[in-house]
Amino acid sequence: MKKGVMRPGHVQLRVLNLESALAHYRDLLGLIEMDRDEQGRVYLKAWTEVDKFSVVLREADQPGMDFMGFKVIDEDCLNRLTQDLLNYGCLIETIPAGELKGCGRRVRFQTPSGHFFELYADKEYTGKWGLEEINPEAWPRNLKGMRAVRFDHCLLYGDELQATYALFTEVLGFYLAEQVIDDDGTRVAQFLSLSTKAHDVAFIHCPEKGKFHHVSFFLETWEDVLRAADLISMTDTSIDIGPTRHGLTHGKTIYFFDPSGNRNEVFCGGDYNYQDHKPVTWLAKDLGKAIFYHDRVLNERFLTVLT
Amino acid sequence: MKKGVMRPGHVQLRVLNLESALAHYRDLLGLIEMDRDEQGRVYLKAWTEVDKFSVVLREADQPGMDFMGFKVIDEDCLNRLTQDLLNYGCLIETIPAGELKGCGRRVRFQTPSGHFFELYADKEYTGKWGLEEINPEAWPRNLKGMRAVRFDHCLLYGDELQATYALFTEVLGFYLAEQVIDDDGTRVAQFLSLSTKAHDVAFIHCPEKGKFHHVSFFLETWEDVLRAADLISMTDTSIDIGPTRHGLTHGKTIYFFDPSGNRNEVFCGGDYNYQDHKPVTWLAKDLGKAIFYHDRVLNERFLTVLT
Amino acid sequence: MKKGVMRPGHVQLRVLNLESALAHYRDLLGLIEMDRDEQGRVYLKAWTEVDKFSVVLREADQPGMDFMGFKVIDEDCLNRLTQDLLNYGCLIETIPAGELKGCGRRVRFQTPSGHFFELYADKEYTGKWGLEEINPEAWPRNLKGMRAVRFDHCLLYGDELQATYALFTEVLGFYLAEQVIDDDGTRVAQFLSLSTKAHDVAFIHCPEKGKFHHVSFFLETWEDVLRAADLISMTDTSIDIGPTRHGLTHGKTIYFFDPSGNRNEVFCGGDYNYQDHKPVTWLAKDLGKAIFYHDRVLNERFLTVLT
Amino acid sequence: MKKGVMRPGHVQLRVLNLESALAHYRDLLGLIEMDRDEQGRVYLKAWTEVDKFSVVLREADQPGMDFMGFKVIDEDCLNRLTQDLLNYGCLIETIPAGELKGCGRRVRFQTPSGHFFELYADKEYTGKWGLEEINPEAWPRNLKGMRAVRFDHCLLYGDELQATYALFTEVLGFYLAEQVIDDDGTRVAQFLSLSTKAHDVAFIHCPEKGKFHHVSFFLETWEDVLRAADLISMTDTSIDIGPTRHGLTHGKTIYFFDPSGNRNEVFCGGDYNYQDHKPVTWLAKDLGKAIFYHDRVLNERFLTVLT
């Protein structure tokens, strides 16, 4: 938050078939369908999110992530960060307000890792879904499926982690919460935070640029992770791994795939941290335990199936 | 309970090294060490059990289960069941009171599946561990590790399931709670109950007689299953699979190995049933989901690693 | 189970208004409406119950319990128990099959405490609600409200506890699982079990005969108790106390009232016991902690509001 | 965090007897004793906290809070905020480094509500208790009692809420996360946050200045709240209310008293928020539900017992 970047605000995902994707994100994950646009994109959000949408689904020939957007505190901040990005040598594309319905002007840039990110300051304020503004109840009664609480973070695979790290920390004000270091002391995974969360965005080294590993949604409890696992089974959804715990972040988690092959995570818990905390460090030789704390071995799929 | 057999009372396990086994069963599972005998055997129990012991560890060259014992309601019942077993054609061995410290006369027989079982009516009543008799607190404060609640059941592998089923139901009064049926309608797994539990003992077909798959201990909650998983990792204990849920019984579970290679389960929840319930049936073609409800595939290890 | 009485099978409750009662038991507790009869009674059950109904609502001028029914293992048992009750001096009323839809012949008697009970051997087998017979999923996806798992027990207030105890243990085969004893050694509360449950029916002494304290439904987890508490608040349902734990049984619980003033409990956990366990004993001077383990004081309402 | 104030860093509490206070905060809450000083003060911290201490106990004739301290990001920030406080008209007292062992220079001021607060930039970094720096396990195995995760916030009672609000938001960079508004639109409770937490400090109006309502510690799960409740009962600790949920923040909570009469809270969950969220508003006429979501009535004790 040091530079005014506040939180992950949205992610646009490519899906092969919109209706099966909707059945997945809306009926299974429990996101709320908020709107559609003339391009055919569908806008969804998790119930605790106060802005209009956090997930945009776009039908395409290839799955993957188009871009991830961060909300900044105000227009002044957006202008300042735009200039900072330009000064840092980034190419900037400005997308006009309304290109995403209800969203203000977005400033898009590409990281050295090959991923597209956006900053924006305004989005239509719709409030928490299903709750009154005054005397709000604990939760809305009509949630579906996994009842995802919020879009939490993305994990991305790409190269040039050090340059990407520099951009995120020096220009955008993220700090390093957790990392994996190989035998040479090279950082091969970096979990970057804006808040007390263990990651708002994370990167793992891979030789190919711009790959998408997973989009993650927060759940409230370990019981909810079990419930998610049960629903994955009941709906014949493709599972990756879980329920289990991570070594990194110590979050409790389950991974699975949307019908287009994009990996999803739902998780709960996980360590908190502040910017004055030393980064939590795991050694690459112990990557199995770092990723899957209980099994202590990686499944090949987790490292290689990307979109 | 129709014939007076009440519950699983004990299991004697062979371990390769007594001290490492104790570190496992006492410090990790949280069983209480209750006694040792001149043969060097160690007696343990879980904290909610009112009788003196439920697990006996015997040092031996090969891991596995020596026998499993069931408590019957009284001496008359023991005498009657002994006669019933003889009438049914079983060979009977009577082990005198005191051969296991604090345990009365035991009547031992072998099932067609090749496993040894015992019946007994008396065991020293020590009460729940760590609680007062009057105004008992909710739980004792000094439990270790996984804080296992009780010895719950064994799962055994062997042949002649039908004959074993007949013996357990007709002579001993168990009823069939759950089963797996293959394409020919042959029962290849049978979960037998004396109570409202989904199994007090279970058998899965395998061509070799007398094999031991696992001994299972009850935990209170899904949080406790996570805690068990964490402890398995922290102690570098060999894990099999979990945390996950079973399709059969729907229990929430994790499997791991003692230092001798005997498989253990700790689990919570699971369906209840009464003797008038139709048996729950899973099809062998769906065995993956029947065993591991979330992954929906079997790991080879689960089917083949036996002691 | 020693005499063939298997479990609590149903309870008939008097409610002042059927539709508001239905909104409560169906929409809030999550019972399934199964049938209605020409008397206007409504039949409900919890989703795990295999028989057709467990709760019958009858509109009347006064709230309270008409009767509680226990299922016995078969007709022979029902005949034998009828004779045993007559021999014991009970007055017997036989209600013909079909008087409750789908239920066989019922044998009704009154306890010295002033309550009416029934025994029956047959009820239409409908199976667990919302699950397939083969390869059943872990739970059905369309449950409402608290998602009550089963009708578990009733707690009744009345006098002549000792005579009632004798009838339940000697004739019907219940055993004493837990009790409260006053300074004179007189039992003032008795929790009677047929199984490993801490109570299938319970009695607390009060000078007036035939009073109803609460009907209790089982939930799966402490998270579910919280969810029940939240729903009680969201629906402006009258709460009695909780979430909390009992000292007796150590169950985790919450109490509230149906629109007619009948007290309900939903709870999870609680100790298990077998018939060879010594009864758990609490002292009447510590009744506050025995009933409400955390607060350690009784609220007057819990002792005096009866229907 | 807009002004560089990072988080609640410590609270100094007055206790009537140090040893009984230690038994409470160390053995029951599970804080770690870190140090003592020549004044006889005892320093404790919760296991996830990376700095040396967060709770200081001082023996005194009257219970209550001496002061609460916030950590700021660095010395420059501390200097700037000192000047801002002076400019705002606050009296400032500077306490030299080392007056609290391991803590740098502290800048103390009094709020219009009558409470003393401090800012500091440095404290000895001891890391999370019981975990390795590299490849940290999920949790340390030797935690005691409630296993408190972190010192979370204080709730204070006093007058001049509006002036106090102005000081915290304008000078110190807090934002208003939740509030209670009376019929006149006057804010009678204000929950102020630096992060995504629902409160880092909170104030409720009362005519007397400088009163202490409670110090709160975070737990991980609702199971842990139950465990805390059980431990409160087992140790005959004075309970206030719970386990329950708040309407405000929706946290799951239990309140109790230390042996000196200072109120403690342990809680889990609770809503998150960002600075662009509209404050959550409850109406004073619904204060019962706002405070105790399940009971929906206040107990007199909660409003009047202060130290």
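Note that the chains take the letters A, B, C and D in the order they are written out, and that residue 1 is the start of every chain.
We adopt the following convention: contacts are C-beta pairs under 8 Å (C-beta built on N, C-alpha and C of every residue); 3 or more make two chains touch, one makes a residue touch a chain.
As the structure is a computational prediction, the values presented were derived from the model and not from experiment.
I want to confirm something about chain A and chain C. Since they are copies of the same sequence, is their interface symmetric in residue numbering (over half shared, so same) or not (under half, so different)?
same
Relative to chain B, which chain's C-alpha centre is the most remote?
Relative to chain B, the chain with the farthest C-alpha centre is D.
Roughly how far is chain C from chain D, centre to centre by C-alpha average, rounded to an integer in Å?
44
Rounded to the nearest whole Å, what is the centre-to-centre distance of chain A and chain C, using the mean of the C-alpha atoms as each centre?
It comes to 48 Å between the two C-alpha centres.
What whole-Å value do you get for the distance between chain B and chain C if each is reduced to the mean of its CA atoms?
31
Can you pull out the residues of chain C that are in contact with at least two other chains?
Only 138-139, 221-223, 230, 233, 245, 289, 293 qualify.
Residue numbers of chain D touching chain B in their complex, please.
137-139, 141, 221, 223, 230-231, 233-234
Enumerate the contact residues on chain B facing chain A in the complex.
Residues of chain B touching chain A: 222-223, 226, 229-230, 232-233, 239, 242-245, 252, 254, 289, 293-296.
Which residues of chain C touch chain B in their complex?
1, 6-7, 48, 50, 71, 73, 125, 127, 133-136, 138-139, 150, 195-197, 220-222, 245, 247, 250, 269, 271-272, 274-278, 280-283, 286, 289-290, 293
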